[in-house]
Amino acid sequence: MQALGKNGIPTKIVVIDDIGIWFRYNGRGYCTFQKEERGIIVISIHNVSKSYHQQNIAYQAISNVTLNVNKGEIHGIIGASGAGKSTLLRLMNLLEVPDAGEVLINNQELTKLRGRSLRKARQTIGMIFQHFNLVANKTVYNNVLVSLELANYPKKDRRARVTECLKFVGLETHADKYPAQLSGGQKQRVAIARALANQPEVLLCDEPTSALDPNTTAEILEVLQTINQQLGVTIVIVSHEMEVIKSICNRVSVMEKGQIFDTVNIMPKGFTTPDKNPQWFVDQLTKAGDLHHA
Amino acid sequence: MQALGKNGIPTKIVVIDDIGIWFRYNGRGYCTFQKEERGIIVISIHNVSKSYHQQNIAYQAISNVTLNVNKGEIHGIIGASGAGKSTLLRLMNLLEVPDAGEVLINNQELTKLRGRSLRKARQTIGMIFQHFNLVANKTVYNNVLVSLELANYPKKDRRARVTECLKFVGLETHADKYPAQLSGGQKQRVAIARALANQPEVLLCDEPTSALDPNTTAEILEVLQTINQQLGVTIVIVSHEMEVIKSICNRVSVMEKGQIFDTVNIMPKGFTTPDKNPQWFVDQLTKAGDLHHA
Amino acid sequence: GQKDNANEKDGSNDELVKLKVASLIPPMTEILDVVKPLLKEDGIDLEVVVLSDNIQPNNALAAKEVDANFFQHVPYMEQYNEENGANLVPVQAVYHAIYGVYSKEYKSMDEVPDGATVAIANDPSNIGRSLAILDHQGIIKLKEGVGINATQADIIENEKNLKFEEVDLLMLARMYDDADLVIMTPAYAAPLGLTPKSDALLTEGLESKFAITLVAREDNKDSEAIQKLAERISGPEVKQFLEENYDETAIPAF
Amino acid sequence: MPDIIVQYQTEIWQSIEETFVMVGFSILAAIILGLPVGTFLFLCRKGQLLENRVVFSILNLFVNIVRSFPFLLFVVFLIPFTRLIVGTAIGTMAATIPLSIMAIAYYSRLVEQALLDVPKGVIEAATAMGASILEIIYKFILVEARAGLVLGLTTSTISFISYSTIMGVVGGGGIGDFAIRYGYQRFETELMIYMIIIMLVFVQIIQFTGATIARKIDKR
Amino acid sequence: MPDIIVQYQTEIWQSIEETFVMVGFSILAAIILGLPVGTFLFLCRKGQLLENRVVFSILNLFVNIVRSFPFLLFVVFLIPFTRLIVGTAIGTMAATIPLSIMAIAYYSRLVEQALLDVPKGVIEAATAMGASILEIIYKFILVEARAGLVLGLTTSTISFISYSTIMGVVGGGGIGDFAIRYGYQRFETELMIYMIIIMLVFVQIIQFTGATIARKIDKR
């Protein structure tokens, strides 16, 4: 099957199912949607508002936002600092409880759940953070294991599952290290492995690459894309970096002052993995045009 | 005077002096050098080596590096994480004492100075850091003032000088605030004002924008460029972000494993100041090509 | 005029001889308070230094920081002299504080069961004194000749298997509820409403050599001020005071 | 071995044993009760998981009062309570009661401080993973704070030793009391100095052990 | 006003005054000497500006020994020294000596801790600006650590009050000693409780004042 993408670049459609249209582009596999309505809605936010109170002054962080995230998409959230991106994301797993409105995950009304059932629901939603938030006193292995323990994953299968997840992020040989012994990118991959352990349907990412350098950012984005493509995990990613959003998202919401300004569908443009080779830097610099070697 | 730049874009040569050729390009003023040798060397690093000892294991952070920085240039240092960029910069004002080799600022051999004379020399070298390193318990005004106090700046002129510096970075109205009340970009501008107070000839910047978002990064880069152009301050800027280096540097050293891999002259390509307007995000996203509004 | 007045005042103060006396607890401190105005008439300004442990008053006296002290009996003082090479001397015995053995539960020594606990003070001279009472009354038997220096190790016979608990002097009264027997001075028994005469199972008896005594140093014992103090402290006012306030607990020794 | 130590051998051993009993019970109380009290102090603080002004204020007041009570008076004040618990108010066992209560107050404050050092992000990650409050405490907060908890217990233990010297008042005995009674009251200055040295050696050993363990288990 | 307080008015006022003198001198000593000792402890640490193993070890040992010395024995132990300084070993003034030495050791440890909280970057920026060590201390480190220093002094002051209760031994007097003498020895339980309440009120006032000042001057 050959098809012509919107921009005229040939794409190879692999399969069409009820999730959407899976195709290959530039040697990579993607899933997109003919129509937004076609997708199954995984996360649904209805008229949600959230305000913070500080010294008796209420600050409206999110005002009356409605947003649907479709199954299998990588949904970006971008906007200026303070626009409410993180708050919106944290509303999706009820880390922040909304003042008004509903949050639904897979048609289950999260805002109605309490105690044990809320915790159960949260176990199906992975989350990764800018600063990794690993337990520094647990080994890589145990950081992943704890997520299985919390979900009462069958005891006998835990070891295999942890190893599998670590393999997925390429850290199987680092299982016995502590987070402090890892680089930033490795730490984030442990956090991803931990989030994946319970086979979540959704992965929420708050600035997952903002603490990382460009090399490592590309590394992590690649892992996220693989998760989306190979495991079909829906990803919501908050970032203030245009490059990050453009590189892997197929739908992006732009936020402003606690509201969604616009939501656009885009074609993820991929990322160039910068080389560790110093010549790469020189090439990048000289590519720019008018210059001569010193 | 009209001239044709290397890339064919017309540039307007303003003046040629013994520093180099000053010209306008794209509406901005720049200074470049016909020949590297033409420039007056402000910072000179000769065969410098530096190793760190941790648990009796020596790690060679800088091996036998030689580098000249010319008066009036914005010299970038880029390279992978751990390449030794920060260490090289910190050697320039002897925050790290080299194991071997000499460091000269304005032909003064810094490595020979001790005590008071070293401190005097340091007062002519400004430095700004990734995390600003402001005194959180001093007001903006006092943060700048302290630098004048240290240099025994005439008492009666201090107030005027602090105000002048704060005006330069656009913070004159924030003089009585404390750093915690400022945004990241404002904090970095205070740090710049503090570094400028003693009219330094050189400004050393270690990842000055890495803690900032893109809007603010552009803001700070603009301030640095203005300092370079209006005050003729030589700037050395360490960054791992290619975009940052490309946007304002006219000479760049690429580092690898404690050595300078290459040094190239480039034409600074300027920076787009991202708009706070959310439409800017949408434009950026849609510019990318094949997409439709959701 | 004002200046003169001030001088006059100073002058009158100068005429008074300052006398510092260290003491511990009532009634000792109160006796000193009684003699204070009397000594003023004799041209002596008495300052009472209240300390709260029973080593410091002797240390202070030996170091000439006070001129006398008033809190101890002669054996205790002798023990101090011996251990520290000091030369403190008794000046005037003032009152007998009769050690008594008290019990909340038992009316007589016969009722006291085997293995009863006995609370005694934990400083050496009071340990010795407490054991000596029991020895004297034939309840236990101590090694020959240990006298006031006895410790529990010197008990050679203990028919009732008494168990001794050494507690701070100041805690003895609090132990009344706790221990089967408490051995203490009247000063500590008084707040409990106990007197040696009517409540103690055993007492030392008036012949006790443990009279609370005014103590000074060899070098100042004959000084006029000390002698005046000795005179006043064994005077009728003190006697009257003790009889009125400490009828059964502090019996004048002069 | 100096003669005087040989001479008083039995008593010295006994006093060491008494100190061990008193300090040992205090440590136990600190762990069994001080740890939960400190954890509650932390959890009930403003902005924390179990934010609860009333519980926090009560616990905080308890800790403040016990810690600022002059210890000697505290011991006396507690006598009726001590008698209720151990049946007597004198002796080493009785001495453990006021010491243990002080230990709980003392350690719980250090526990609170150690837990406050746990990055909020870790607690947030735990919540996002669907951990219950008990799981957050056991599998995250206490794990992350363990080095601080050990250091706090070390500091506390040294304080307990210091407090235990006062327990001679109620017949608690112990090394410090021995030093006071034999060394100070019986003027065996040499013996007193040896006892002080023994105490300081204990303190140094505890300090060193605590610091070493804390360093070993701290992987941050 | 309860009768018993009216009755003992003079003595109570005097004991309060004595406490103020003892604690006041301790605070002075803590500031005048504890602050520099703590600063040196910090500066001489590994990796700090004046890294010096010998000085650090000596100061560290001094602080450790004083802090782990049973305070009663410490007071006794210091008598010859006290006599040398104030000419006498008894009375309120004499009591200030051991208290002050304890205060220096106590506060210096808290100073060290507070200074360790100052971000290394600030010190680095100061060095890069050509500040001398003295300037770094006065214009940067102490400014940045000031809230911690005030909180430390608050904690210390409360400890000094607690330690001052023991000073009755050498005739130091003070509220705690008064409570012990009248309340405990003379069984004036009511009076004792009032005195304890007075002490706790003082402690709460100090705690509150210290915390408020620290919050006000903390701009971080």
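By written order: A, B, C, D and E. Residues from 1 in each chain.
We take it that a contact is a pair of C-beta atoms (placed from the backbone, for glycine too) under 8 Å apart; a residue touches a chain by one contact, two chains touch by 3 or more.
Bear in mind the structure is a predicted one, so any value in this text is a computation, not a measurement.
Peer 1: If we look at chain C and chain E, which chains touch each of them?
Peer 2: Under the touch definition, chain C and chain E have D as mutual neighbours.
Peer 1: Going only between touching chains, how few steps reach chain C from chain B?
Peer 2: The least step count works out to 2.
Peer 1: Between chain B and chain D, which partner chains are common?
Peer 2: Intersection of chain B and chain D contact lists gives A, E.
Peer 1: Taking all residue numbers at the chain D/chain E interface, are over half used by both copies (same) or under half (different)?
Peer 2: Mostly the same residues.
Peer 1: Most remote chain relative to chain B, going by C-alpha centroids?
Peer 2: Following the centroid criterion, the farthest chain would be C.
Peer 1: From the C-alpha centres, identify the chain that is farthest from chain A.
Peer 2: Checked the centroid distances; the maximum from chain A is C.
Peer 1: Can you compute the centre-to-centre distance for chain A and chain C, using the mean CA position of each chain? Integer Å is fine.
Peer 2: One centre to the other, that is 83 Å.
Peer 1: Using the average of all C-alpha atoms in each chain as its centre, how far is it in Å between chain B and chain E?
Peer 2: For chain B versus chain E, the centre distance works out to 47 Å.
Peer 1: What is the distance, in whole Å, between the centres of chain C and chain D, each centre taken as the mean of its C-alpha atoms?
Peer 2: Here the centre of chain D sits 38 Å away from the centre of chain C.
Peer 1: So the centre of each chain is just the mean of its C-alpha atoms; given that, what is the distance between chain D and chain E in Å?
Peer 2: 21
Peer 1: For chain E, which residues are shared contacts with two or more other chains?
Peer 2: 76, 180, 184, in rising order.
Peer 1: Among the residues of chain C, which ones contact at least 2 other chains?
Peer 2: Counting only residues that touch two or more other chains, chain C contributes 55, 170.
Peer 1: For chain B, which residues are shared contacts with two or more other chains?
Peer 2: Answer for chain B, listing residues that touch two or more other chains: there are none.
Peer 1: Judged by the touch rule stated earlier, which pairs of chains are there in contact?
Peer 2: Here the touching chain pairs work out to A-B, A-D, B-E, C-D, C-E, D-E.
Peer 1: In the complex of these two chains, what residues of chain B are touching chain A?
Peer 2: Touch list, chain B to chain A: 5-7, 36, 78-81, 83, 183, 213-215, 240-242, 245-246, 251-252, 254-256, 261-267, 269, 274, 276, 278-279, 281-282, 284-286, 288-294.
Peer 1: Which positions of chain E touch chain D when the two form their complex?
Peer 2: Result: residues 64-65, 67-73, 76-77, 158, 161-162, 165-166, 176, 179-180, 183-184, 192, 196, 199-200, 203-204, 207 of chain E touch chain D.
Peer 1: Which residues of chain D touch chain C in the complex?
Peer 2: Residue list for chain D touching chain C: 76, 79, 83, 88-91, 168-171, 181, 184-187.
Peer 1: Residues of chain D touching chain A in their complex?
Peer 2: 119, 121-122, 124-125, 127-132, 135, 139-140, 143-144, 146-147, 217-220
Peer 1: Would you tell me which residues of chain C are touching chain E in their complex?
Peer 2: These residues of chain C touch chain E: 22, 25-26, 49-53, 55-56, 59-60, 63, 65-66, 170, 173, 191-192.
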